[in-house]
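Per-chain residue numbering starts at 1, and chain names A, B and C are given in the order in which the chains are listed.
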Amino acid sequence: MTSDNHVDGNAMGGLLMDVFGREMTDALGGCASCGSTHVIAELVVYRSGPGDVLRCPSCTSVLMVATPVPSGPRVYFSNLQWLASRTDPGQPKVKQ
Amino acid sequence: MSFISRGFRGRPKVEAEAGRVPPGQYVTADFPVLSAGPTPNVPLNEWRFTIGGQVDKPLAWSWQELLALPAEDVTVDIHCVTKWTKLDTAWKGVSVDTLLKNVPTAAEFVVAHSYGGYTTNLPLEDVTDGKAWVAYEFGGEPLEPEHGGPARLLVPHLYFWKSAKWVRGLEVREDDEPGFWEGYGYHNYGDPWREQRYAGD
Amino acid sequence: MARAALRGRLTWQVADLVDRIDETPQVRSLVLDVPNWAGHQPGQHVDVRLTAEDGYQVERSYSIATPADGNRVTITVERIDDGEVSPYLVDELRVGDKLELRGPIGGYFVWQPIDGGPLFLAAGGSGLVPLMAMVRARVGAGSDIPVRLLVSSRSTGEVIYSDDLHSLAKDHDGVEVIQTLTRAQPPGWSGYRRRVDREMLAAIAWPATDMPRCYICGPTGFVEAVATALVDLGHLPQNIRTERFGPTGG
């Protein structure tokens, strides 16, 4: 990314806990667009006002979009193909 | 009674005349930078604005051709769905009426496309009759990339997510096709005066 | 117990401010007493929420600066000019006031001594806060894991925890602190005087063959430059964890 007006998935920790009911930043996600695997904490996050856009660090495609609808935060899935728990907190199982 | 933070007053209130600020909005002197993705970097010699879709003949303008078109200076209030309103913003740009002048069409909708992939949809009648511009100057200066430069769509009567940054063209359509935020729960039309923020409002 | 703790993490709690510590002219640490705090890991953060009398609410996230210590949670806040929340937290909030927060949050950018080392930490500006919790945890646990902490600041007046950094390095074998001042250096300064680059990291970070665990925190540009350089130097991406604070540094 050439600009630095983004943060990362760590910033989404509270919202993702609201929606999923558990800590999610250490989960693994697969990109349907380029096939790469990334820890949610490492997703490229654009905190746009209408919502937060979580993009794939490898190919920039949109994986999830979180919007603050009045009833509570909602996470839309776009190119996030799968989610998985990290079984070994020390080492990810797949090379990134 | 929920918790109140002692001594916290929120933003300083900027005054505005009654009736000028849509419901639920507050006036700001800032111009927040909010983006859904990285700021595109489009060299001006490669920049194009196109009109395509349900038209007899697609049209395209280069940067120089856009600048050669008759332009207008407009001062408008703008309203973001995140509740900030900015009064008396000064822009220079080409009216969409000028761009659509020789484009007969019976279609009723457009989708604005941007460099970087952003889209937003509008009824054709909401970008015509003096309601919309392709703007390339803000505050008397060339529009900065972080605010949508070199050129963005400007549609001030709707929430500002409809004013697509880094606009690259309008696709004319017979049917309505939700754009980026419209597909993520935001209102399909987005009238600030009826507070149409989310789908179902 | 686990379920209660899980529910507690999702709900807002009211904490009491019990102490304020001036770190720099722009930065203050807030020592909070949080009833029934279930503890936290170094690197985690809390979400803080302010509510005005008209109901207007705003939230921000702040890293916890200290390891778990009963009900005590310390956050360190940098006053951002024209900020909405930080001027209130730094200038207005008084001992005895209450603050709404929830947490701890974060499951990836965390480190505890049992995770092993050696540890390489790189901090840009206020990115030092969560890394300080890690260093304080290492010291507090009596661990002998080697730690190198690189601190990048614009000038000496902007170095957070300046005294603590000095004493941590002096009093504890295996804890090294390397500083770079990127804008202004005092007379006689013998540390680095430029932005962190590959050459600096090659000199001071653990060699890639040592397989260090690396944590980088600070403004987005800083974090990405350091992470890229470490990978260039042969460190495996899976051994590097990052937390970006955005263009303003949080």
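Keep in mind that, in the parts below, a residue touches a chain if its C-beta (ideal position, glycine included) is under 8 Å from a C-beta of that chain, and two chains touch if they have at least 3 such contacts.
If you're wondering where the values come from, they're calculated on a predicted model, not measured in any experiment.
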item: Middle chain, criterion being Cα centroid separation; value: A
item: Reference chain A; chain at largest CA-centroid distance; value: B
item: Whole-Å separation of chain centres (CA-atom averages), chain B against chain C; value: 39
item: Centroid distance [mean C-alpha coordinates] between chain C and chain A, Å; value: 22
item: Inter-centroid spacing, chain B versus chain A (mean Cα positions, whole Å); value: 27
item: Residues of chain A engaged with two or more neighbouring chains; value: 1, 5-6, 47
item: Sequence positions of chain C contacting 2 or more other chains; value: none
item: Contact set on chain B toward chain A in their complex; value: 32-39, 41, 80-82, 146, 161, 181, 183-186, 198
item: Chain C-touching residues of chain A, taken from the complex the two chains share; value: 1, 4-11, 13-14, 17-18, 21-26, 39-42, 47, 89-92, 95-96
item: Residues of chain C defined as touching chain A within the complex; value: 6, 9-10, 45, 47, 59, 61, 102-103, 105-109, 115-116, 219-221, 224, 237-238, 241-247
item: Residues on chain A engaged by chain B in the complex (per definition of touch); value: 1-3, 5-6, 46-51, 53, 55, 60, 62, 65, 67, 69-70, 74, 76
item: Touching residues (chain side chain B, partner chain C) in the complex; value: 2-11, 30
